[in-house]
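Chains here go by letter, A, B, C, D, E and F, matching the order in which they are written, and residues are numbered from 1 within each.
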Amino acid sequence: MNQLVELWQSTGLYQIEADQFLMLVISGLLLYLAISKKFEPLLLLPIGFGGLLANIPGVDIAVGQGILAQFYAIGLQTTIFPLLIFLGVGAMTDFGPLLANPKTLLLGAAAQFGIFATVIGALLLSDLGLFEFSVRQAAAIGIIGGADGPTAIYVAGILAPELLGAIAVAAYSYMALVPLIQPPIMRALTTEKERRIEMTQLRAVSQREKILFPLVLLVLVGLVIPSAAPLLGMFCLGNLMKESGVVDRLSKTAQNALINIVTIMLGLAVGSKLVADQFLVPETLGIMALGIVAFSIGTASGVLMAKVMNAFSTNKVNPLIGAAGVSAVPMAARVANKLGIEANPHNFLLMHAMGPNVAGVIGSAVAAGVLIQIVG
Amino acid sequence: MNQLVELWQSTGLYQIEADQFLMLVISGLLLYLAISKKFEPLLLLPIGFGGLLANIPGVDIAVGQGILAQFYAIGLQTTIFPLLIFLGVGAMTDFGPLLANPKTLLLGAAAQFGIFATVIGALLLSDLGLFEFSVRQAAAIGIIGGADGPTAIYVAGILAPELLGAIAVAAYSYMALVPLIQPPIMRALTTEKERRIEMTQLRAVSQREKILFPLVLLVLVGLVIPSAAPLLGMFCLGNLMKESGVVDRLSKTAQNALINIVTIMLGLAVGSKLVADQFLVPETLGIMALGIVAFSIGTASGVLMAKVMNAFSTNKVNPLIGAAGVSAVPMAARVANKLGIEANPHNFLLMHAMGPNVAGVIGSAVAAGVLIQIVG
Amino acid sequence: MNQLVELWQSTGLYQIEADQFLMLVISGLLLYLAISKKFEPLLLLPIGFGGLLANIPGVDIAVGQGILAQFYAIGLQTTIFPLLIFLGVGAMTDFGPLLANPKTLLLGAAAQFGIFATVIGALLLSDLGLFEFSVRQAAAIGIIGGADGPTAIYVAGILAPELLGAIAVAAYSYMALVPLIQPPIMRALTTEKERRIEMTQLRAVSQREKILFPLVLLVLVGLVIPSAAPLLGMFCLGNLMKESGVVDRLSKTAQNALINIVTIMLGLAVGSKLVADQFLVPETLGIMALGIVAFSIGTASGVLMAKVMNAFSTNKVNPLIGAAGVSAVPMAARVANKLGIEANPHNFLLMHAMGPNVAGVIGSAVAAGVLIQIVG
Amino acid sequence: MSDLVLAGLNLALYGMGFVFVFLLLLVGLTILMSTLVRRFSPTIAVAQRQNSNGQKPGGARRSSSKVEAPSLDQDQGRLIAVVSAAIKQHRSGLD
Amino acid sequence: MSDLVLAGLNLALYGMGFVFVFLLLLVGLTILMSTLVRRFSPTIAVAQRQNSNGQKPGGARRSSSKVEAPSLDQDQGRLIAVVSAAIKQHRSGLD
Amino acid sequence: MSDLVLAGLNLALYGMGFVFVFLLLLVGLTILMSTLVRRFSPTIAVAQRQNSNGQKPGGARRSSSKVEAPSLDQDQGRLIAVVSAAIKQHRSGLD
């Protein structure tokens, strides 16, 4: 009989607490968004499922020797997982549109203002006594504005691992919400006439330029901002493997088996941070609020930068593609394309928007390097 | 000259001992069964080969810093390997037949009686002074009756790592022997008339049901038997990845590259336990004997449960499919199908038997959780 | 303003030193050779890129907790990476030509003389006071003559990790240079008439022989030279997985996803040793010089051995195929084939040269075992 | 009967009971879940069923997220490019 | 304004400045690199461009190293199959 | 000659000797193995040789184990089943 009591006391039903139950509901919501709404399912499905596992009472899965805790220790504490993801993303990235029109790099720079504005915002909230974000935490929250999942996870893992769960959830949720967040801002900041601007067709880019670009980028990173070198180094390696054409089998594996394996484990490792005592804190609400501000400011500054560039150049760019500078590849470029077609059915901005889009990845990684350098 | 003597003394021929030689023969036998008899070759080939490597005298392969010892430390001590295998198996499993006829879950419950009967048997043998199995060891041996390789390795790794080699070998060997072990028991316990029972065609199952089932299962596990959550959690994640249809690339990698890589390393890690001083002990004989008893009792109780269910229901099930409740997917279902066709050429039981077959996987994992909970 | 100075002082431009710059140039040269000259790009591309990353000033990538340092610790210090590469290479190797003509194994033995002659050479240089190579270092340098990348990395990692970078670079560079290094030596040591020798067609080899060969090889290794068992064990396992035909999915993964993932990480790990203070030492020049001597002597002794065999046998072999005994699969076999066709347009030596070619892999691994056994 | 065997019997009793209770609960929940699904989304269920016959559901439900997109779209794109090029070349040969 | 907010403004100022300087430098270097490439290897660049339309560049530049061989042939084979099928279909449409 | 060089000569002598002895033994064992195989299973060997020309041996010898099954075997099996059924039906229609 004692054993029966013991067994009953070992059940989750007996041990569950209110906040664990709430976390299960939140994790279920993430799964719903991933599966039914297709919100970045590659990451949010394993993160949400990891959240379910992490909040099962009475068993160590996300702590101690549990498998999620081990994935966290193996891949996030070491930064190996986000770096391998960057390797694969690099091997999937085509810098062609960027090389055909290098000045779109500046749109990718401008959109990073979302990051730094959010850092200030987070510190203002602390100053007002609403939250108690440290400078490191504020920097980690700001990076949500980079609209780049692995960069956000990488920076949060280094600067504020205690906020990693909320930051990753915010980053991926808002990346999925780009088609809802961006259009009103883009419409508000552009005139119908601007949205109708057609851009000249991009020139063909030679393979040699594509091979040299990741090397040029790496050298510049090494000379100017070494703390961004791990992230952009892996990114450039992946891209070089793809463009060089001499290691196709490595490039294909980096784009498939390797990135998929790491994505599963990374998602579960992030899910391990969705435990009640780390996630159910007021800071999480602050992070969610700041995150959407970051996205919005990034979008706005990208669009405004395009207008500034037009003021100084005769070769006009459609300011819609400035919004793609936030990263969120390729969603943001698609949004720009869609609004372009709305304004002018002959206006195909997709390839033009891919330039600032990949520039946004570089920009966020540089911003990440600066943040790690200054406050890390 | 001294150096020549030293070299000679370093050869395996000089150093080999009788029991190492015997282990090499046993490992060779496993390879023979795997290759020529196709006994579960995916596991028995690397296990057998690992056994060869582990018993080469004069070099550390399965101990110290040897590669097999490292695989053991990385993947088995941490439980990562069997859990990743479960992820892949989940991504390969179709719960459709089970969802179409949920009461076949009970057949998967009944067949687990083989596990617990064997625990009692092992403790009886200890009581008789034939062996000295502790309760933990008895529980680990019993799990052979679950007819599920990764579950057996997971439980043995936690409860009785010193018996892991023998338990894994017994589990996979008997799983391969299912077509020999089960039929006589199934014939003995059923009448010709019962074996001729045709079952109604299974209803179509919607994708939504298939998506919700792994979540329902996980929630129930979390509430009722948290210690089974790591195993069934990874299983449900794999299944959800497959059925949700939104992360196809992850699901495919879990079913291919990931499970294959882990299978190679898991097999070698298990092989590292086939060293003479751990395997050539009387206990191994006891384990082999108890293992076949476990399989037989599991088969019998599955069949008998089907007959009990028929006594209380008008919608008859063919008792042959009860034998599939032991797990051993999909071999046990094929055996049921074969005996069904023998008795009645129009009797296609394969899909009907897949229900209890996957129920047997769930049942064993739950039993594993109970054992770990009570004696772990 | 202070912060700006600090940022400027954190740039690579401010911190870079002359020797780091030189290493960046050398790494760039490796990338050039890999991409433009197709010098073993699968390894030299990641090695060269790793070299770039390792020499970026102001950030820990190849040391401390940097990702390259972690890859080194995870895969090279543990010997796991080269062993997994050997698994994949084994799964890609066809022993058919060797089994059809087993005496070509002796050509693979003779060509290893390059290894041991180089060991003597390295110690002579030390004796002359030009370098200070220890016996362990000399042995690690000699293995370059094995013309087998993973073997060289495995041995250097065990005997002289401080020379690993230079040894790996030398091994892969010279493997890529085989078509330039070997032909003059082969022409000098053979007469036109010898090069014209046509060889009889190889007999068909049964699957059973192909399955048994890796087991025979492993048993012999275990009995005679256990220290070669990790390397040849993994090689034989890969080959058995392929030839047995019962674990196709494991064999394919070992040949693709697994070896590709490991190749990327191995290359980066080796690249981490291309840091200035380890690579820019006089020893590196000595290693490069000795390496080419090793290749040349190996080639010569393979060719001469073939001529010796012809002196004792009526069934003549074309001495060109002796040069393939250095390993460097399949480049060396192609070189032999090319020179054969030059001398006699009807002379197809490719398959005949594959025998000594794979024999050279076995021979180097045995030599590696002997070196580790005696000086390790 | 010794303590050891008693412990075994105990374990078997509770264990087997637990397994049965668990799977009985699962039967109940599964039937409940299926009933609810079939009641509240009959048309969707049917549509999806047809869908899953006609084509791989993954095809229709494929995510358009960053990581996924390149591998498929690109392949698709490359194939289309190759086919177009082949047709073009072929045509130019005909003219 | 508190020290905290000042630190934030500071961070934003230097950070944003750095990002812009970096990307401006990158624009410059990229234009320089492209100009040099286009000046010193115009024909090669064109050849490669055509090449990259007609067939996968990997095909031409493919390494013949030991490890590489197995995977490629399949791709090549698939491409050839696709092209053949396309041509065949095209022809059958003409007849 | 110094001790160091002597050590090297020593190493070379024993090493090279060992390598030769090893590979000579391997030649012997390989010939023995092949002879035994060819004597005791000539027909099987021939059959398998043909097989390995005609189709991938993995196809025929494929394991039916749990992990493997879903990906290849089932497909294969299903194909065979479908084809067999079709032939059967066709035949029965003819009689």
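The rule is short, and it goes like this: contacts are C-beta pairs under 8 Å (C-beta built on N, C-alpha and C of every residue); 3 or more make two chains touch, one makes a residue touch a chain.
All values reported here derive from a predicted model rather than from experimental measurement.
Peer 1: Going by the average position of its CA atoms, which chain sits the greatest distance from chain F?
Peer 2: The chain farthest from chain F, judged by C-alpha centres, is A.
Peer 1: Centre to centre, using CA atoms, which chain is the farthest one from chain C?
Peer 2: Between chain C and every other chain, the largest centroid distance is to D.
Peer 1: Averaged over CA atoms, how far is the centre of chain D from the centre of chain E? Could you give it in whole Å?
Peer 2: Computed from C-alpha means, the inter-chain centre distance equals 34 Å.
Peer 1: Just the number, please: Cα centre separation of chain B and chain E in whole Å.
Peer 2: The computed centroid separation for chain B versus chain E comes out at 47 Å.
Peer 1: Counting in whole Å, what is the centre-to-centre distance of chain C and chain E, each centre being its mean C-alpha position?
Peer 2: Centre-to-centre distance between chain C and chain E: 31 Å.
Peer 1: Report, in whole Å, the distance between the mean C-alpha point of chain A and the mean C-alpha point of chain E.
Peer 2: Centre-to-centre distance between chain A and chain E: 22 Å.
Peer 1: Taking each residue of chain B in turn, which ones touch at least two of the other chains?
Peer 2: Each of 3, 7, 38, 41-42, 224-225, 244, 246-247, 249, 256-257, 263, 370, 374 in chain B touches at least two other chains.
Peer 1: Which residues does chain F have that touch at least 2 chains other than itself?
Peer 2: 14, 18, 61, 63, 68, 71
Peer 1: Across the complex, what residues on chain B touch chain D?
Peer 2: 98-99, 102-103, 105-106, 108-109, 112-113, 115-117, 119-120, 122-124, 126-127, 135, 138-139, 204-209, 212-213, 216-217, 220, 224-225, 244-249, 359, 362-363, 366-367, 370-371, 374-375
Peer 1: Quick one: which bits of chain A touch chain C in the complex? Just the residue numbers, please.
Peer 2: 78-80, 83, 87, 211, 215, 218-219, 221-227, 229-230, 233-234, 236-237, 240-241, 244, 246-247, 249-250, 252-254, 256-258, 370, 373-374
Peer 1: Report the residues of chain F in contact with chain C in the complex, numbered from low to high.
Peer 2: Spelled out, the residues of chain F in touch with chain C are 2, 4-5, 7-9, 11-12, 14-16, 18-27, 29-31, 33-34, 37-38, 41, 44-46, 48-49, 51-52, 56-58, 60-63, 68, 71-72.
Peer 1: Quick one: which bits of chain C touch chain A in the complex? Just the residue numbers, please.
Peer 2: Result: residues 3, 6-7, 10-13, 15-16, 24, 28, 31, 34-35, 38, 41-42, 45-46, 49, 52-53, 56-59, 61, 65-67, 70, 256-257, 260-261, 263-264, 268 of chain C touch chain A.
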